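These are the structures, in structure tokens.
The two complexes that follow have chain A in common; it is paired with chain B in the first and with chain C in the second.
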Partner chain A sequence: MTFVKSLAAKPWIWSFLGALLVWLATISFTGGYGGGGMVTAALSLAVFTVIVGVGQMFVITLGPGNVDLSLPANIGLASAVAMKVMDGSDSMIVVGLLAALACGAAIGAVNYLLIWALRIPPIIATLSASFIIQSIDISYGRGLQIKPPPGFADFANWQILGIPVLAILTVLFTIGAAIALQRMIYGRSVLAIGQNIRAAWLAGVNVGRTRFLTYTLSGVLGGIDGALLAGYFRGANVDIGNEYLLASIAVVVIGGTSVAGGKANVPGVWGAALFLVLLLTMLNTFGVSAGVRLLLTGLIIVGVITVAGGEKASR
Partner chain B sequence: MTAIAPGTTPTSSPRSSAARARLLRSLLPALSLALVLIAIAWLNPRAISYFGFSLMLNLAIPIALATIAQMFVISGNELDLSIGTFVGFVGCVTATWLKDAPLLGVIVLIGAIGVYALLGALIHLRNLPSIVVTLGMSFVWQGLAILVLPKPGGKAPDWLLALMSFKPPFIPFPIIAALVIAAVVHFGLMRTSYGVILRGSGGNPAALRRAGWSLLRTKIVLFALTGLFGVLSGMALIGITTSADANIGNGYTLLAIAGVILGGGEFVGGRVSPIGAVLGALTLALAASPLLTFMHIPPDWQVAANGAILIIVLAARVLISRRER
Partner chain C sequence: MLKANTDIIRLNGAEKHFGAVRALNGVDFHVVSGECVGLVGHNGAGKSTLMHMVAGTLRPDGGQIVVRGNAEIDYSVARALKLGIRCVFQELSLCPNLSIAENTRINHPALTGLGWRRKAANLIAAKLEEIFPHHGISADDIAGDLSIGRRQMVEVARAFTVTRDPLDLVILDEPTSSLDAHTAGQLLAFVRRFVAAGGSCILISHVLGEVLQNADRIVVMRDGKVVATDAAKAFDRDRLVATMGGAEAREKIAAEIAAARPADSPIRVRARPARQEDGRELVARAGEIIGLAGLAGHGQTDLLLAIFAAATRRKTGIEVAAPVALVAGDRQSDGIFPQWSIAENIGIRSLARLRNGLLISPQREAELAEFWKQKIGIRTPDMTNNIFSLSGGNQQKALFARALGSDAEIVLMDDPMRGVDIGTKLEVYDLVREEAAKGRTFLWYTTETEELDNCDHVHVFKNGRIVANLTRDELTEEKIIQSSFGDAA
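Let's look at the complex of A and B:
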């Protein structure tokens, strides 16, 4: 009983429970057919949400008002940069990935530069940055129809025993992120700033550097995500990142991270991402129209947040 | 740092300099609009005419209304990321039901404002992050819009077409509309006592609660006003475009936030300005498309122009605020 209780107290358990429920509902509809394939597909799609979700989680943990709205534009531009640098040749894969990473890092650094120099809320800084990035992407990626190198596309779609390799790597990455968050000075600084920025500053936390690193990290993860997405879907396009604005914020909140900052939860990001992807799979399996699918997705997100997100502000 | 003028006492001089900085700051939205107008006049003098303004500012009315809608939630320290798809949904209802079955259309639109009021109550009662709730709602509105109007089409009601193509003498209609919107909202929010309470709910909620005001009520009122102006924006948009499309309002979410901030609004603390918001919306409407066209810059950079203006104005504001201290 105490085990169940301590498990129920973990905020991330609910997102996994939700994912399980949605999965059960779908396979009971198909009569058990395709259950395994669905998990494989869900894992490979959830990866992309998890990667940006972790970046967004670190940003949101910095405290109220901290959010990275430039992720969709960042993903779009990085996917175009990666495809252009790789130019379809296997020998350029690493260079292309590094270029996407650098592109993301630059975007993250610019975001923080705007926040710091203009002393404006991160929402507005990342919003104005995303306007400009979007235009650069439209102009740079116009008519871009470069396919990813075959080796890279195969890597992004590679599976071992039905488990996407990308998912395994992302699990390792999230374990690293969890360790960084809970056990390293950087992660503890992020949590401290989110709990009380002034107290953190008085305690000697280098607030400026930690925030800079966090926005850059979010940018880097967006950049990598863009390159991987272009590999997985075999091509870059301007709108490739659009759905990741809602997705990245939603998985953070559904996963049990506090929007007020100072409390983060890495496993929850996985649970919430699987939940969202399986939810879409379920609605597609039920054969609902695009309108109903959007409507239900929105209602379920609002519903889940209403149930899960209602915590009293302690300050 | 301004030099101290001879004859003024040291105590009054920083204050007058701060007052000047404050004045400059409140003039910033008007100055940015004037700058954009001057640039347009310089590049293409013929655009500065009755006909030119009617054309250039055509889409400014729905943008201004959406900006005002966003301004209401922002004055309560919340953010509405669904206003764009909401405008699209209203547009779809306007081009279908409001024309074919006016009573049903009116009921649906009033119901939509009711949904906004309920969202305000939900966000307050459960202490939810408005960003996430409204992001979720943006999917709901878009889904509903597609259900109402699966393919682009429909037709605006005749009275709406007549209203939006109204040509008053001397002053183009968009300018009159902008003046009326700014004046009405300015009076309501800045000059009435309940307007002060509404802004106070963003400025100092704790003090307001201790003074006996219901924060639940202020949040509901602010969200309902957002819904109301969102409805007006969607209807105005359809009156101009004459037909609808489920994605017609998608760009408005970010434009509206940018407009509020350009107009001198702040994210927290209930510091907003209705007149500034309308000026901000006009600036964005002019800078995004006519100015770029006259400068022969390809439309790819339209969105970037909005971002650049936002950054320039905010940078100017930082320079001014530094003197305000």
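Let's look at the complex of A and C:
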């Protein structure tokens, strides 16, 4: 009983519960058919949301007003950079990944530069940066779909016993992120800044460096995500990251991270990403039209934020 | 001379508590018609609380309010206004988005009908002209656009305008604080005329000369009590300062400090306030406790923050030779991390030392918290409880633990004892002296004069500058008051 209680007190449990319910609803609709395949597909797709979701989580945790809206454009450009550098050759995979990573890091650093040097609110800075990035992407990639090297595409789709290898690696990465958040100076600094930036400064936290690292980290994760997406979907294009604008923010919020900052939750990002992917699968299985699907997704996100916000107000 | 007139208002045994703080401790106070009563005392002596009671904004916890011989049971602001009692509070109260005329209308519901704006404008313009001839303020000016001095002029003039309610007693709480000498003189002359015509006034001012020259009778408050009441002519400046003070209990601490004082230790901080024009600067050596005194908001906090910033980034005029930590006075906005436990709140300043490899060791963090729980007496069953489970005083202790538990050799204290109970204060004073004896340097801004007794050296601030630099031996309450309230200084 105490175990159940302590579990119920964890904010991330609800996102996993939601994912489980959606999955059960779907397989009961199909009569149990395709349950395993659905989990495999969900894991494969959730990975991409989790990677950018973790970056977004650190940014949002910096406190009110902090958000990275440049992720979709970042993903698009990084996917093109990675594919161009790899140029269809397996020997260039690592170099291509590093290029995508550098591209993302540069975008993150520029974002923070705009916020810091020009004192632009993050929401405006990252949004305007994303227009610039998108333009670069269009002129750089010329709108063409560039194919990944076969080895990289295979890696991105590789499964062991029905479990995508990328998902396993991403689980390891999120464990690392959770440790960084709770047990490293960097994570503590992010949490402190999110609660009270002035108190954090007065307590000796290096506010500028922490914010810089956080925006850069978000950029790096966007870059890697772009390269992996291009590998998984066998080609880079400008629109490849579009759905990750809302998704990256939604998984952070549904996963139990406070929109007001200072309180973050890594496992919740996984639960929320699975929930969102399974929800889409369920609505597809039910044969709901695309319009209704978007409508329901939007309503669910609004609902979750309302419930989460309501709890906070009553405290 | 005092006329044997009837009381306008009389308070018998008024008491007020804020939590454990006794702001007023059985005060008898009265004003008769046609007199100006001067009210003096330190910050926190209870003057403002007493005036809030007279104006009806605060209800006494005990005692009686009698207006013109009738005991008032349901005394309130509305009732006070009906009875002709008004107040100009220290905090300026004009609505910044409204014009002067519109602001005047707020106090005069009788101005109704078409053309109320004109009526209000005429009312306030006439009164401004009467009090401050050639004032240069238009009734159509928006309050927020006026300088603070002009806002104060409007505020005062507005209190003296009359429509429906009578006007017998006006409380002036620091009415000249934002006025220059000329307009202050005009105001005080008007107050004399008002009193001569049979009105009454209560004048609160830190400029003792104003009170001595303009009041008929002076009431001195200290620690929530009236300690002296006498005709103004019976006081002079020195007697007033001595009565406000309280020079008894400080001797033993003084001796203790003098004994502990190291001879010639290295200089840790050398700082000159940004607005300092002469060569005065603040110098703090290892093991010293340096007090920053003066009225609130005269540049003490600014200097502490400048020193704090200079510890990480070069700043002209400030040298800092060791790590710095700051103990915030405004806990909620400058100190507390509300989502965190007590232990995390203490550990944040020392994260680098709590590491084991790359990771923060929960065990070391718990040890640090436990050590300070014992040492400073934080009253909680469990240091992993949320910081808000503590009382205000204990939250403040946690902030002290954060600073003292760190590697900082210089500790800046930004009036940290605001609103803290006396028991906690005494514990922390001992701790500060103990840590100073071990070689730490403290820069201590305080608005409570008794706390300066813990200091080796006191710098008195006025208008962002150091105006006096008192060593331990020279440190007397009178000197601090004279420098910081100084009309002559």
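By our rule, the second predicted complex is superposed on the first by the 308 of 315 C-alpha atoms of A that agree within 3 Å, B and C clash if a C-alpha of one lies under 4 Å from a C-alpha of the other, contacts with A are read in each partner's own complex, and residues count from 1 in each chain.
Operating definition for what follows: a contact is a pair of C-beta atoms (placed from the backbone, for glycine too) under 8 Å apart; a residue touches a chain by one contact, two chains touch by 3 or more.
From a predicted model like this one, the values you see are computed outputs, not experimental measurements.
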| item | value |
| --- | --- |
| First (chain B), second (chain C), both or neither touched by A:G37 | neither |
| Which superposed partner A:G262 touches (first chain B, second chain C, both, neither) | second |
| Chain B versus chain C as contact partner of A:T306, first or second or both or neither | first |
| More chain A residues in contact - chain B or chain C | B |
| First (chain B), second (chain C), both or neither touched by A:G176 | neither |
| Partner chain(s) touched by A:P150 [first = chain B, second = chain C, both, neither] | neither |
| First, second, both or neither for A:L191, with chain B first and chain C second | second |
| Residues on chain A engaged by chain C in the complex (per definition of touch) | 179, 183-185, 188-189, 191-192, 195-196, 198-200, 202-205, 262-263 |
| Interface residues, chain A side, partner chain B - complex | 65, 67, 114, 117-121, 123-124, 127-132, 134-136, 138-139, 142, 245-246, 249-250, 253, 259, 289-299, 301-302, 305-306, 309-313 |
| Parts of chain B lying in touch with chain A, wherever the complex brings them together | 79, 122, 126-129, 131-133, 135-147, 150, 254, 257-258, 261, 267-268, 298, 300-308, 310-311, 314-315, 317-318, 321 |
| Residue ranges of chain C in contact with chain A within the complex | 308, 325-326, 328, 333-340, 344, 348-349, 351-352, 355, 358-360, 362, 402, 406 |
